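You will see two complexes here that share subunit A, one where it goes with subunit B and one where it goes with subunit C.
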Partner chain A sequence: MENSSYRETGRKRLWLPWSGRRGARVPWRLVIPALFMYGLVVIYPAISAAWWSFTDWDGLSPQKHFVGLENFRTFIHDGQALASLKNTFLLAITVTIVQNAIGLLLALGLDANIKSRNFLRTILFAPAVLPPLIVAFLWQYIYSSEGALNRFMAAVGLGGLQQNWLGDPQIALWVVTATVIWQFAGVSMVIFLAGLQGVPQELKDAAALDGAGAFQKFWNVTRPLIAPATTVNLILSIIGGLKLFDQVFAMTGGGPGYATETLSTVIYKTAFVSGDYGYSTAIALVLTVIVAAISLVQLKILRSQEVEG
Partner chain B sequence: MSHLRYGSTNMILEAVMVAVTVVFMFPLYLLVVLSLKPQSEVASSPLSLPQGLYLSNYTQAWASADLGAALVSSTITTATSAVFLVIFGSLAAYVLARRGTRLSYGMYILFLLGIILPVQTAIIPLYTLMKNANLLGTYTSVVIFYTGALLPFTIFLYTGFLRALPRSYEEAALVDGASHWQAFRRVVFPLLRPVTGTVLILNAITIWNDFFTPLLFLSGTERETLPVAIFSFVGEYVSQWGLVFAGLVISIIPILIVYFMLQRYIIRGFASGLKG
Partner chain C sequence: MTEEDRRVDAGGRSRGISRLEFLRMAGVGAGLAATPGFLASCEAIYGGGGGSSEGGAIELFSETSLQAPLQELISRYRENHPDFKVKSSYAETDALMNTTRTQIASNNAPDLMQVWPGTGGNAMAVGAVGPTGALADLSDQPWVDRIPQDIKSLFEYKGKTLYYSPGRAVIGAIYYKPIFEDLGLETPKTWDELLSASEKIKKSGKYPFAIGNKDVVFTQFMNYALVPSTVYAENPNFDEDMARGKATFEHSGWKDAFEKYVELEKRGYFNPDSLGTSSQEATEMFFSGRAAMLVTPVVGLGDLEEQYDAVGKTDVFVVPGVNDPEKVWASAGLGSGLGVYSESEKVDEAKAFIEFLGEQENANTFAEMLGFLPITPNREMKVDPFLKTFLPYVEQGKSIYFPDQKWPNAEVQQTHFAVIQQVFAGEITIDEALRQMDKTYQQG
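Then we have the complex of A and B:
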């Protein structure tokens, strides 16, 4: 009704640009499909999971018994779960540091004036679009006892260093870690490259004219300017590392022993192999809290950088 | 850029970068050459170029892993989910970006929460939900999952784009008597094309490559997607690497074709779009 009265007075153009007025508002109902799907797939199950983690539900019986903190008490005495917690952190931190160091070096190399930069960038990024499962199987062969790595070492006279790479509990986790880094170093690289393209050439030149060495130039000029890209990279790689499932599941299944179990593989096994749904959701809750805490801290850092920038 | 001289330093750097890339790509070289070798040659000389093109690895892998069916499943799952995500995500973002109220901001934050939550948080109750609804083993289960789970990221991208898009276009349509729905469909949505491209590509890659969800929802059925089909195939023919690698190569060909066709947009999407 108000619409038409405004239209009659010919004032529509005057008030329409202001979103605060009634007639110009986008109707809420357009958000309903998304809200419904999100509620069904994320909100409702997440709330259920939070409740289940305090029960002993086995996935089948009609009743869920409230057991208080029993599942979390089990967690801190469970050798498999604790091993997975340690492995998950070791893996996520190593991936974060090494993947970003490699990604940064590649980005610095490609940011220079070289002719093949676009081509090399395309090639180096390619592994990142492949299914992680496929990459895991490729590397499983490379590390197998008759695989490419041992063959290569024999061929170059390093036969003494041959290993059962995935069968040795001291090495297996690092082998999986290396696979992840190989696949996703290209992601770090393109995010750093995007950051580097925002560094004005004049600044880099000016630093060079002042006689600054390459490392000083990088540390004092480039590094502060690519700080947002660094933060994004750190968030992505640490969270990706914390959630890792496919590569472990395919390459080692968590073994030998518990040497490569991650929180994700233990969550899967506890629910779908042992049928202990309550305990599994409790472990998932631990993972959720870790991931959420790290994300929030890093987002805060990102915000503060953007304000300064 | 004229002051950027291509001198000897650049030439050395270029050589180093090319060498690094060659080493970096060696695993993919192995993937291709081993897929073309019979088992005896895989064992005797794995690192060299193949003596001939042993294509029966490919025909055998195609048949034993039922890769044709898996390709169809992956395509249906990915395409359907990606389309739902574009429709639901863009509509929701239109509301969230245009209504400047506390409620709409709160709702936006609620959606963003979903970017932080790992899949593992919700997956067990969701699995039970699908089981009770008799949806396990159906395309519906995975499409519902992807649509809900990837909406936060989709809405994040659309809302960011819409906030920077002037309102004057849709207002002109509203002045001409269009409803909000019509203004969205005919004016706003076409203007969203660049971000729709990013959303489609990034979601499609995520869905196509996902292993965990179809492992839970589809394994053991004839609707297994490529990663699940490959997983059981490798389990069956373990250490027959020539055959296994032929299966792996077949399963990555579609995504590599898309990647090399759209690499500029995909890399740009990863470099900018992932800033969550």
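Then we have the complex of A and C:
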């Protein structure tokens, strides 16, 4: 059956509604403005930053002196930067695992035919549409020593478990992590839901007829078929976790001390507070390489596990 | 058919891009292109309508806090210079610094820009911007001769005066008068008196000090209030000795200040969980009468009293860091001000306006409206009542600028913030904290 709005001709064609024709080829010139803007605001700054990482530029002087790998050598011996690297990995790995586990459980629950599922989906996704800074400021009040969380714990008889949530270096990183998970678990849920809706009911029915229980049906039928959704979720969450900035900066500023410092907050402070743009862009380049390498390896492994539905 | 050349709706049908979507995308693009316009939080033109550049207006970019006095002084200047036009933009500190630095780097800085004193406070300090040659020399202006010798170097880079400051900001202990009166307490004049007063306040069920050390900027105020007495009263040339390598933080009165800061916490004189308390929460704690003292810059205290419905309930004293009242010094740092962009086409007009700001009457207005002490105490000045306590200290030379204003780089201050939090978190000792500061200082 011919599609009402698109005619397959074997060549890349797009129906432009205002052209009055179907199957007209898109002039490639149309992409030039977009490419120009992309080059201007993404490619050029990225290449410039990569170049600055090999200089001693202070962000002010017209002169930039080439210093070779000096900034990268500094990074290797910079205790604060290395501690932030460890925090970044801890945060990214935890967010990736917990956020997706919660997202999957929520998706499985809301994939069932329950009455309020659309309402619940909306509620659970709602935090994701809030700006991260707003979420961070909101939770900052909840976590404060006289905030809602500690008051609630006291009210329900759990006063002994009250904590100095953002002021204790032993737990501050995990508190920030929990906030990130709270905000974005809904995103993982939506992506998993999209995957779950592509799982044919007949396969699950067939598995049930063969005597499979709920877990076996999930593990042997659903899980392989939602592998593409899993891939998307894991990639997005690991990248988001590795470059996390807003929530950390707004909730703790990297403190107490350096307890919640991430590579992104170090990059910001090194450039805009200390005025050491060369070193800052070197750390940014390291972060870029880490994100790219982890994402590529992750993508390769996950893609190999995907199956056709 | 690929994903690139079609879009698929929820029903699995392919569809093209609609005219409306195209227009929306164009709108987003236009919005992105206009983004730099958002950098300044507000913008105004004085002395003429229309755009600034075409009207030959001077561009001025500063913190929002300077807006009111600058508006007043620009209006006053225009009374005798009706052709003087200013396009002024104001922003919060971080946005201001980042934007101005970028503008300097791209040779497009505003004619008048906000600059901070000394070398170490931040990335827009005279010592940071001076080496680029972006600031015009103001050394020959009349007001320069009135700058007291003890703070003159904070205006300079390589002997040239590069910015104008409206005055000195002070850090002191704001105290809640009803608590002091109920307990029959006098304002303490020595360290032991401060401890004694704090003990009585603690026993009354109030917090002696409201501390919001979750915000790094807040962490420094207690040390900055103590070191004038523990360091500079003993050795006013401490910074010169540091620069020559003859002194260190670790083996100086800084250790005494740090120990006193920690002692206050160990005696239970801070609100609980001070590391998890924000400066905003601490301020609210103080103005609601739950804490008796708040060590902070004393700026706009009258406005804060009104904001928190506590008019007449607060006053200020100099934090006595030692037991000899004669050796109690006050913390009075130089405020940020304006510099002239050396590459500006209107450098002469901009310098003329700075010269106008430097006239004593205008300098007094600027300081008064900001809640600063004038650079040079004089008979005509109207001093904020809350600052009167500090005036004798400044006049007798028993005050010192904020320590970071002479540190060699902005990184020392960042280290200072972090190590205070680490010390209170029990992660490092005071000696380790000071060694870290020394190490960062010595990196130059």
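Going forward, the second predicted complex is superposed on the first by the 268 of 309 C-alpha atoms of A that agree within 3 Å, B and C clash if a C-alpha of one lies under 4 Å from a C-alpha of the other, contacts with A are read in each partner's own complex, and residues count from 1 in each chain.
FYI, a contact is a pair of C-beta atoms (placed from the backbone, for glycine too) under 8 Å apart; a residue touches a chain by one contact, two chains touch by 3 or more.
Not measured: the values here are computed from a predicted model.
Chemist: Considering only the touch criterion stated at the top, classify A:Val26 as touching first (subunit B), second (subunit C), both, or neither.
Modeler: Both partners, subunit B and subunit C.
Chemist: Please work out whether A:Gly109 is in contact with subunit B alone, subunit C alone, both, or neither, and reply first, second, both or neither.
Modeler: A:Gly109 sits against subunit B, while subunit C stays out of touch.
Chemist: Check whether A:Glu146 is in contact with subunit B, with subunit C, with both or with neither, and answer first, second, both or neither.
Modeler: both
Chemist: Applying the document's definition of touch, where does A:Asn164 land relative to subunit B and subunit C: first, second, both, or neither?
Modeler: So A:Asn164 only meets subunit C here.
Chemist: Based on the superposed arrangement, let me know which partner A:Tyr279 touches: subunit B (first), subunit C (second), both, or neither?
Modeler: neither
Chemist: For A:Phe184 in the superposed arrangement: first (subunit B), second (subunit C), both or neither?
Modeler: neither
Chemist: Give one of first, second, both or neither to describe whether A:Lys269 is in contact with subunit B, with subunit C, with both, or with none.
Modeler: A:Lys269 contacts subunit C only, not subunit B.
Chemist: Residues of subunit A touched: more by subunit B or subunit C?
Modeler: Of the two chains, more subunit A residues are contacted by B.
Chemist: For A:Phe54, select first, second, both or neither according to whether it touches subunit B, subunit C, the two together, or no partner.
Modeler: It touches nothing on subunit B or subunit C.
Chemist: In the overlaid three-chain picture, which partner chain does A:Val41 touch, first (subunit B) or second (subunit C), both, or neither?
Modeler: A:Val41: touches subunit B and subunit C.
Chemist: Which residues would you name on subunit A as touching subunit B in one complex and subunit C in the other?
Modeler: In the superposed arrangement, which is not itself an observed complex, subunit A uses residues 12-13, 16-17, 26, 33, 37, 41, 59, 144, 146, 272 for both subunit B and subunit C.
Chemist: Would you mind writing out the residues of subunit A in touch with subunit C in their complex?
Modeler: Counting only subunit A, the residues touching subunit C are 3-6, 8, 12-18, 26, 33, 37, 41, 58-62, 140, 143-146, 164-169, 252-253, 255-259, 269, 272-275.
Chemist: Where on subunit A is subunit B touching in the complex?
Modeler: 12-13, 16-17, 19-20, 24-28, 30-31, 33-35, 37-38, 40-46, 48-49, 52, 59, 106, 109-110, 112-117, 120-134, 137-139, 141-142, 144, 146-148, 151-152, 155, 182, 187, 190-191, 193-194, 201, 205, 228, 232, 235-236, 239, 242-243, 245-246, 249-250, 263-264, 267-268, 271-272, 277, 280-281, 284-285, 287-288, 291-292, 295-296
Chemist: How about subunit B: which of its residues touch subunit A in the complex?
Modeler: It is residues 1, 3-6, 10, 13-14, 16-18, 20-21, 24-25, 27-28, 30-31, 34, 43, 46-47, 84, 87-89, 91-92, 94-96, 98-100, 107, 110-111, 114, 116-129, 144-145, 147-149, 151-152, 155, 167-168, 171, 174-175, 180-181, 184, 205, 208-209, 211-212, 216, 226-227, 230-231, 234, 239, 241, 244-245, 248, 251-252, 255-256, 259-260, 263, 266-267, 270-272, 274-276 of subunit B that touch subunit A.
Chemist: For a test of understanding, state which residues of subunit C touch subunit A in their complex under the given definition.
Modeler: 1-2, 4-6, 13-19, 29, 32-33, 94, 97-98, 101-102, 104-105, 107, 122-123, 128-129, 131-132, 134, 213-216, 271-278, 281, 409-411, 414, 417-419, 421-422, 424-425, 427-428
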